[in-house]
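Read through the structure below, which is laid out as structure tokens, and then see the notes.
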Amino acid sequence: MSDAALTQGLHAAHHPRQMHHFDSMAQQKETATFGMWVFLVTEIMFFGGMFAAYMLYRMWYFPGFAAASSELDITLGGTNTVVLIGSSLTVAMAVHAAQLGKRNQTVWLLIATGVLGVVFLVIKYFEYKVKFAGHHLPDGGMIWLFPGREFQLGPFIYGGFDVSQSPELAPIASQVRIFMVIYFALTGMHALHMIIGIGILAVILRMAIRGEFSKEWHIPVEIFGLYWHFVDIVWIFLFPLLYLVHRHG
Amino acid sequence: MAPSIPIFPEQASTLASRVDNLYFFMLATSGFFAVLVTVLVVFFAIKYRRRHPDEHGEPIHGSLALELIWTGIPFIIAMVMFVWGASVYFALVRVPEQALDVYAVGKQWMWKFQHREGQREINELHVPVNTPIRVIMTSEDVLHDLFFPAFRTKMDALPGRYTQLWFTATKTGTFHIFCAEYCGTRHSGMIGHVTVMTQADYENWLGGGSAGGSLADKGQQLFSQFACITCHRSDAQGRGPVLNGLLGSTVHLANGNTLTADAAYVRESILNPTAKVVTGFQPIMPTFQGQVTEEQILALTEYIKSLPAAAAGSGGTGGAGASPAPPTPGPTK
Amino acid sequence: MTTTAAAPTALPARHYLNEQEGVKSWLLTTDHKRIALLYLFSITAFFFLGGFFALLIRLQLLTPTGALMDSDTYNKVFTMHGVIMVFFFLIPSIPATLGNFLLPIMIGAKDLAFPKINLLSWYIYVLGGLFALAALIGGGVDTGWTFYTPYSSMSSNSRVLTAGVGIFITGFSSILTGLNFIVTTHRMRAPGMTWFRLPLFVWAQYATSLIMVLGTPVIAITVLLMAFERVLRVGIFDPSIGGDPVLFQHLFWFYSHPAVYIMVLPGMGVISELIASGARKNVFGYSFVAFSSLAIAIIGFLVWGHHMFVAGQTAYAGLVFSIITYLVGVPSAVKTFNWTATLYKGSISYDTPTLYAFGFIGLFLIGGLTGLFLAAIGLDIHLTDTYFVVAHFHYIMVGGTLMAYLGGLHFWWPKISGRLYPDAWARLSAVLVFAGFNLTFLPQFVAGYIGMPRRYAMYPPEFQVYNILSTAGATILGAGYLFPMIYLTWSWFYGKPAGDNPWGSKGLEWETTSPPPTFNFDTTPIVTEATHQYGHHEEVKVV
Amino acid sequence: MSHLEDGHDHILPATTYYGIFAVLMVLTAATVAAAFVDLGPLNIIVALAIAVVKASLVVLIFMHVKYGDRLNWVVVGAGVFWLFILLSMLMLDYSSRGWMNVPPIQHVS
């Protein structure tokens, strides 16, 4: 690309990171961050479809949602909230360090972000494991994939009765089931975004270690920061919506 | 049916002409605009054709007045169409009080109709002329749509829900029934006929064959068969609410809400008994999901409807005044 | 064709097509023009595949009992026709080819903002397309392109999952294209290219991109949930365990109604350019045409419930959706009147692109006006799910979008290929397409009002005459589509060099060479006037 | 592109980030605490209100929208607005489900 630019003789000496089709570093940076923002809007709508389902079924099936939500581990969920907001802080500080051109600080803050991200996923793994062991993962036709994993109602309490022990509470069971579906869909999709984020983070960390970023050019850190913050924001909504449906009484 | 070439569907219901009038109005209005624009385009294209290669058009940039006119006029016409369409729609969805109920259940790939008098038909429906008919429908599997082109009405039949449509046929004869919502392989085979008969013919037809008695009779058999009767006793001593006079009455629920009992409530209470528990009763009724078909639910509903309203003094309160069931929580089937 | 300069004898020495050679230079290109050609090639393949299914549909319906195949096969054929035409042809058609090629040139940029993402979007499209083909080869899908639950999730025994994954993947291609266009329009305009100097095609692409970015993620998650439902029986759309099948329809149409505008808005943008160039005149009421695109894009998100008037949504929701639907009709009317007024005192050519533009106005007029019938909620009860609807949306999508696409292709082909196509053949095909189209779909309005339901493999005999007319028309239409494919391919190799500006048109794309150089312009252009200013633009006249 | 800034980042002092983090922590505690108090229908409103405040802080400060291009405000606003369209138009149907659509069965004498 730089060859073509040279032969065209269009570009005066410019920063080596400036791509051929931009006129200035400022334009390039504004373009990249704006692009990320537009992408995040699509992400809002992507989660929006699931939030729509959540809203409808919460309205219809509040008892089931209350029973199922109260079975989620609020300690683990709360810890994860703290962890994720903490990682938001570290990534914000990483961008800050990159803006100031402090390489070492950027590297360590990115590592901290990654560690917190992994901690979040590990905690999530243990939460999922409990649900899996309790057969709360709706599996439907995939019995062959999860032998003996038929959906069961673990100790979901509704109106003082254990739902799993009372056949007449079976209707609550389907409500619980729908909550669990939405829970796994939302948190699963969120966790997938975390995993992708950690993958991107690894690439950026490598670039940071190699000293590729500078005061003038640190676009990747910045747009990664935007992405990571967005994932954090999703969790900020997921936590009260999933874990805190009906904690009183 | 004679293979003649129809250009217009037969008008065979009271509302058909209202729908058609709206259609003609739309045809006229949009025809006018289509012709107007087409004539202008053709006229301009000929009059202002390019006469030599270097010619330019006149630089006319626009006119606020014209823009306002051709924003305003379509807007007004659109609002007229909306209001007209809405008024026809109200007529199509507002069922007359004295309508005769017929039940329809869609199933891949047939329509099953049940008359209250007990007749059951598949892909055939017999109705009397000049009588408002309401079809209450549901589906046993996927989405279907009951479509009567000659009556200008249709409605989706959804699994798990009741929907309805109504019509008053104005002509005797045989007309198409189509399934209009794609429902799988034999979707195009899910068609039938509605036969509109004179009142007298219809009475005869009704008298012809109702082997199992009326729909309510069938419901009564089911009521015993499923042992509903052990809890839902008419003497207000059962563990479930008295059902006499239930439909149309106000039900007070355990969670403090009230509702007006209708077919959907009855259906939900059979399949999902704990969803709406009557106040003073325990959520002890087992679900009948998977044990009872949609048609049987309709029969049960019809039976409940036929119960004398004034029994046991519980009146229209859906058994709220009955003594509450003994407190037996937990698994008591 | 009108040529103002002496006929050129050769293509320019260096241009984007010969800058680099070899398959690899195409598969790894980040040049928006080459990516546009990659798209052109792939969507043409899908168009003819979808067209083949259309032909099968028309042949089947020649006789009431179905002349060709059994119901099951027919259901798969119309589903694959719909899926391929909607997701793999119409949605990418104008944006990914003409938009990709022209948007940067029209705003005086060297490329799109994110060239690599642009290439990525093509690969994603191809991957999605491969899934669709896998579904097809693996036995087909029989749900209809709408994938309504619970049929798709619980009942159908066909390759729903594979097709769903294909649509899910292709959605991201659409999102990335839209994202690229939005960012490019905001950030990459040449000096002097203010918003109100943008060609109307760019406005239309911008409005389209908004829908792609805001709507597509919702269909992605909806299809995903449907797939979960199908595999895991999770119950989210299954009424027997508490789900609501109507929720699927809401989420589906939240995207799929605006998707109609993804298809037709770019077409409207093309027509604005064709009319302006064909009449050598700036478009009448520029800002009204520009803002009507945005209005359509935004209001278009508020009307999805008009697909569900009989689906079990409430009467109240139906009424609100009905009235908003009428509102979205107004900007479309404004556009049509402005195009017509543009012709007034123009210098109108009868070149092929102009013929297509006239055809578009005629067909879009019918498509749009019949939309008013369907928006009237009392009338829609009778019309919905009949052939009236089929005819209506084909008038919009095929009569509108496809006419505009072909018109645009003929208009910019000299720019894309650097060569001229045989004009007589092109005009003949334009006429064939117009005539064939009307013969195919006008009878369907009549059949629909009489009550012929859509998606029927067999039908009562009284509808036969309309189906015969339709099939006859489809044959002509097919020929009309085949010709351009042949003579455009021919002209790619043997056509006469076109010169920079064969139409004597205004616009940045006509100021560079044909074909353009890799970076579009030798020097960054500086824009000093609004779009399509012909003649003496200092004496601006307002009537 | 005249409206672009000169390309220099708007650099916030590090203390701002720590301050915002502290506020976010306090709000997290508040949302948990509020959930254990019976506020009736207000519970969900309080929970969402706190979440919106938290999200706004992240968007405005951590993501620099407060200091960036006006365009980014528009983009964020568009995202929120379209989500609102989706949810509210959906509710148009579901919130009126009980009004009329279910056929009441009357007594036919």
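Per-chain residue numbering starts at 1, and chain names A, B, C and D are given in the order in which the chains are listed.
Note that in this section contacts are C-beta pairs under 8 Å (C-beta built on N, C-alpha and C of every residue); 3 or more make two chains touch, one makes a residue touch a chain.
These figures come from a predicted structure and were not determined experimentally.
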item: Innermost chain, taking as reference the mean of every protein Cα atom displayed; value: C
item: C-D compared against A-D, more contacting pairs; value: A-D
item: Whole-Å gap between the CA centroids of subunit A and subunit C; value: 34
item: Subunit B and subunit D, separation of their C-alpha mean positions in angstrom; value: 39
item: Length of the line joining the C-alpha centres of subunit A and subunit D, rounded to whole Å; value: 16
item: Overlap residues in subunit C, where contacts from two or more other chains coincide; value: 186-187, 214, 218, 246, 250, 312, 315
item: Contacts with 2+ other chains: residues of subunit A; value: 23, 27, 30, 34, 38, 41, 44-45, 48-49, 52, 56, 171
item: Subunit B: positions in contact with at least two other chains; value: 93, 161, 163, 289
item: Complex contacts: residues of subunit C adjacent to subunit A; value: 19, 30, 109-111, 113-115, 175, 179-180, 182-183, 186-188, 213-218, 220-222, 225, 228, 231-236, 241-244, 247, 250-251, 518-519, 522-524
item: Subunit C partner contacts - residues on subunit D that touch it in the complex; value: 1, 71, 78-79, 82, 85-86, 89-90, 92-93, 96-97, 99-101
item: In the complex, subunit D residues that touch subunit A; value: 1, 4-7, 9, 11-12, 14, 17-18, 20-21, 24-25, 28, 31-32, 35-38, 43, 47-48, 50-51, 54-55, 58-59, 61-63, 68-69, 71-72, 75-76, 78-80, 82-83, 86-87, 90-91, 94
item: Residue ranges of subunit C in contact with subunit D within the complex; value: 186-187, 189, 210, 214, 218, 246, 250, 254, 301-302, 304-305, 312-317, 320-321
item: In the complex, subunit A residues that touch subunit D; value: 23-27, 29-30, 33-34, 37-38, 40-41, 44-45, 48-49, 51-52, 55-56, 59, 74, 78, 81-82, 85-86, 88-89, 92-93, 96, 99-100, 225-226, 229, 232-233, 236-237, 239-241, 244, 246-249
